[in-house]
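Next come two complexes, and both contain subunit A; in the first it sits with subunit B, in the second with subunit C.
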Partner chain A sequence: MIEAKNISKSFGKKLVFDNADISVADGSICGLVGINGAGKSTLLRIIAGVLTADGGTVTVDGEPIYENKRVKRGLMFISDDPYFDFDINGEKLGKFFSVMYDMDGKVFGHYVEKFSLDLKKPLRNLSKGLKRQIFIAVALACRPKILLLDEAFDGLDPLARLEFKRGIIELQESGSTVVISSHSLRELEDICDSFILIDRNTVKVCGKIEDALDNIFKLQLVFKDGMTKDAFVAAMTAGGEGVPSGADGADAVPFECLRFDTLGRVVTAVLRGDKNTVMTKIDGLQPIVADEIPMDFEDYFIEEVRRADGEGR
Partner chain B sequence: MDNGKRSVYLTIVSDIKRQVALGLLQNGDKLPSCRELALERGVNPNTVQRAYGELEAAGVIYTVPKKGVYVGGGKVSIAALARERLAELKSGGLTKAELSEIIAELYGNDTEGTI
Partner chain C sequence: MKKYFLYELKKNAFAIGVIAFVVTAIYMAFVLTTFQSSYDINANVDVIAFIGGALAVCIPVWAFAYKMKKRSVDMYYALPLKRVEILAVKYLIGLLAIVLPFTVAYWLGALATFVKVSEANPDGMGAVYYIPYYFAALGAMLCIYSVSAFAYTRANRIIDGILFIVFWMIALALVVLFINRIVGAALGYDGFFGFVYSENPDGYYIFPTCFSPIAPLDYATRFFRAQLESNALISSDWFVFRNQRINMGVGFALTALCAVGANVWLFLGEKRQRAENVGQVSESAFGYKVMIPLFTVCLIGIADLIPLIALVIVGAFALTAVYRHSVKIGVKQAVVYAASVFVGITVDLIIRSCV
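This part shows the complex of A and B:
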């Protein structure tokens, strides 16, 4: 279990994190998302113990990670732009990492073959994607308990991506925890079970992708006499304490209207709440059309980040 | 609906429903395990589990603990599948007139309605 509590971090005057909390369960594949410059790499570096946070604690299985050699042996971090020695080639890189990690030569060989890698060529002469493939082969062969990947799929061809994803799943099956930052949300949705969303200098959401997508939905509505956002929200929140909630009070999700765009009489609304309750209420308004449009993780991300921005983005 | 953008979860559900409806998968056929399918497609086993869960709830497949996942129930018909697809296309803006035209084109104009 990776846990961070009340993390704060600034670089000079630039504030990156203020009171951020995360928790990643063992054996989880966790996607780390946020807009450019949100602090994804910084968070990974803090978890890896490369940077220390200005305040707060980061622990792995209850132990602080910073300068903790024992914990770090089981943790591997592949940065966005991994450093390597000028003359190093794939073979030497493998040897270098096997000094620090308990590397499995057979697994390394397997991926070298899968990716058709030339281990004799100096890394500096390889393309971005090929360099990445070598590092991936090394990472998967090291079988770390915790694998942190920054911009994991960047520059990889589709075949290499698939092979890499298979490798991540096999690693997870052996009990490892994987944290991946990426902008390829489509891919993250497929491979991850949980996610961390960084926004406005903090961790905005940290939880299961399934839960996040279950309570948010996009509808296309047409009302006979048109509808304004205010009238709609008023109608939806009318009655009781004004908030439709789930049948069992504990799991109730407060109703929220995240988006309400009108184009002529057609309304595109993004709503959060207990779906059944909301749909029943909408039925009561007697719309001519009420269709649900499927939402994926990418749509979710856009809605979450846009909402925080007001109408700005 | 743009197929490339759909989540793997929905793709698995609709693929299997389709294959059952078209008779490519028949009652009693064994499906790959969650793990096998997850590894094949490079997706989280939970995602496959969720898709299988939905298919099981819909009566398309059933699980025999410790043995595997099998096609069964046979509640999916081509008609139900067509209905589902059409509902999707309708919300995408397909009009009745357009649909009639397509039907006329595919089935010919005779009112018997056979191919």
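This part shows the complex of A and C:
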């Protein structure tokens, strides 16, 4: 299990993390998400033992990572722009990593074939996507206990993404833990079972994607006379006009209105709370139309970050 | 670590071979074109000493380049190796990249020189001294390499590292020259540290070599050249003079001390090196922070001519701009720069009024 407790990190005067806590369960695929500059790469570099946290602890199975050879033998980090020597090609890269890790040559060969890679060509002459494919092939062949990938889907074509996702799932099935940072949230949603959302110098949410999506939903509502946000919130929380409610808001529904956009009589609302209870309450408002619009991880991310920004973004 | 060392050795074998070829070709070109006669013998040790010194100064730039790029640091520091192990492997590879090419060039050159001299004058050379000189030169080069490696790795960018090496090669000598000028002016005669100026039998030596890490290589070369060549400019007797013994003692002791300190600090301090500093402003106290004010004050104090002083002032600003990665050097740095120039000029004016 990867655990970080109360980690803080600054680069000069710039605070990146302040008392952030994370935990990634063994055998999970965890998506690391956040806006640009949120600190995703920094967090991965701390977990990889490249950087030290200014405060707090980062451990794998209870052992600190920094300068810990034993732990790092089972940990592999592929950065967003992985380094390679000027004259290195895929074959030499494979050899280098086989010196460092217990690399499975057959698995490497399998992915080289899947990605149709030319191992003789110098990496410097390859496109960004092909370079990444070679690093992915190496990473999957090394079968690390913990694989940390920064901007993992960057530059990959749809077919390569598919193979890559399959590879990650296979790795997970063999017991490995994978932490992937990416802005391709739909790709992450496909393979991740948990996520860490970093925002405003801290870990804002850390949990299962399923749970997060269960509690948040988007509705399209049409009211006969239109509806303002204040009126809607008042009706839902303390009993509004025409809404069956107790005098002291006894029927109030515990919910959070994350977004409330109106266009004429049409309302698009993103709400968080128990869906059934909220829907029953909304029915009491007698909307002409009340449709649920499917919400994915990207919508969830946008709503969370927007909420934090106070609609400023 | 052993596996990693062998990997690096194999990976760099070709590069080391190329260095050996180039170095040998350069040296052999000198050796084969040097005129030798029965009364004019040249052991060609100056050239190989220069080549060896140059290798010891330049190789750290190549060997420790991995510490200067964020991308490579991300990769290396995430590997299942301790940082000090990576450093040790790179250090050893760097050392091999000096020793192997030097050895090949040295012995081929020595052999060719011996054959050429023997044709002109069979008894003209003390060729046996090529053996002790080889080991003396290697030891001296190791010292230069240690100091260069330390200076280079204090930096966060390659250009800073190269400048730090240059600083470290001349810093102490510069300070000595500066103090020498002040004390000399105050006491009314030039050359308070008389021994500093008496290195060259032909006249005053402008640079006090004994206060530089190149001192042991310089002295070993001069000493063994005198033994190798019967007609050497400096005879063996020269080394028994008291001043030369002091110079050599200071040179060897200081360099050995610097080399040991540099190696200890290099390896013990490795764990504390912060990866996030890579590519950023080099703030080490062993670099610009101290060196720019020090060089500004000393060079203004030493420079006699106004145009030279102007050049130092401009140069100091240029260095500050390199240090800060911008010509907008910031208020703090501007104050340090102005103060250094002011102190330098004040000292220079005082010295001028005394002389």
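In the analysis below, the second predicted complex is superposed on the first by the 297 of 313 C-alpha atoms of A that agree within 3 Å, B and C clash if a C-alpha of one lies under 4 Å from a C-alpha of the other, contacts with A are read in each partner's own complex, and residues count from 1 in each chain.
In this section, a residue touches a chain if its C-beta (ideal position, glycine included) is under 8 Å from a C-beta of that chain, and two chains touch if they have at least 3 such contacts.
Computed from a predicted structure; not experimentally measured.
In the superposed model, A:77 makes contact with subunit C only, not with subunit B.
Contact with subunit C, but none with subunit B, is seen for A:45 once the two complexes are overlaid on the shared chain. With both structures placed on the common chain, the touch criterion links A:67 to subunit C but leaves subunit B unconnected.
Judged by the touch definition given at the top, the superposed model places A:173 against subunit B, while subunit C stays out of reach. In the superposition on chain A, contact of A:102 is made with neither subunit B nor subunit C. On subunit A, the patch touched by subunit B and the patch touched by subunit C do not overlap at any residue.
Subunit B meets subunit A in the complex at residues 1, 5-8, 10, 35, 38-39, 41-47, 50, 91. In the complex of the two chains, the subunit A residues touching subunit B come out as 29, 161-166, 169-170, 172-173, 186, 189-193, 210, 220, 291, 293-294, 296-297. Interface residues of subunit A, counted against subunit C in their complex, comprise 11, 45, 48-52, 67, 69, 72-73, 75-77, 79, 81-83, 85, 92, 95-96, 99-101, 148. Note for the complex: subunit C touches subunit A at residues 3-4, 7, 11, 69, 71-83, 271, 274-276.
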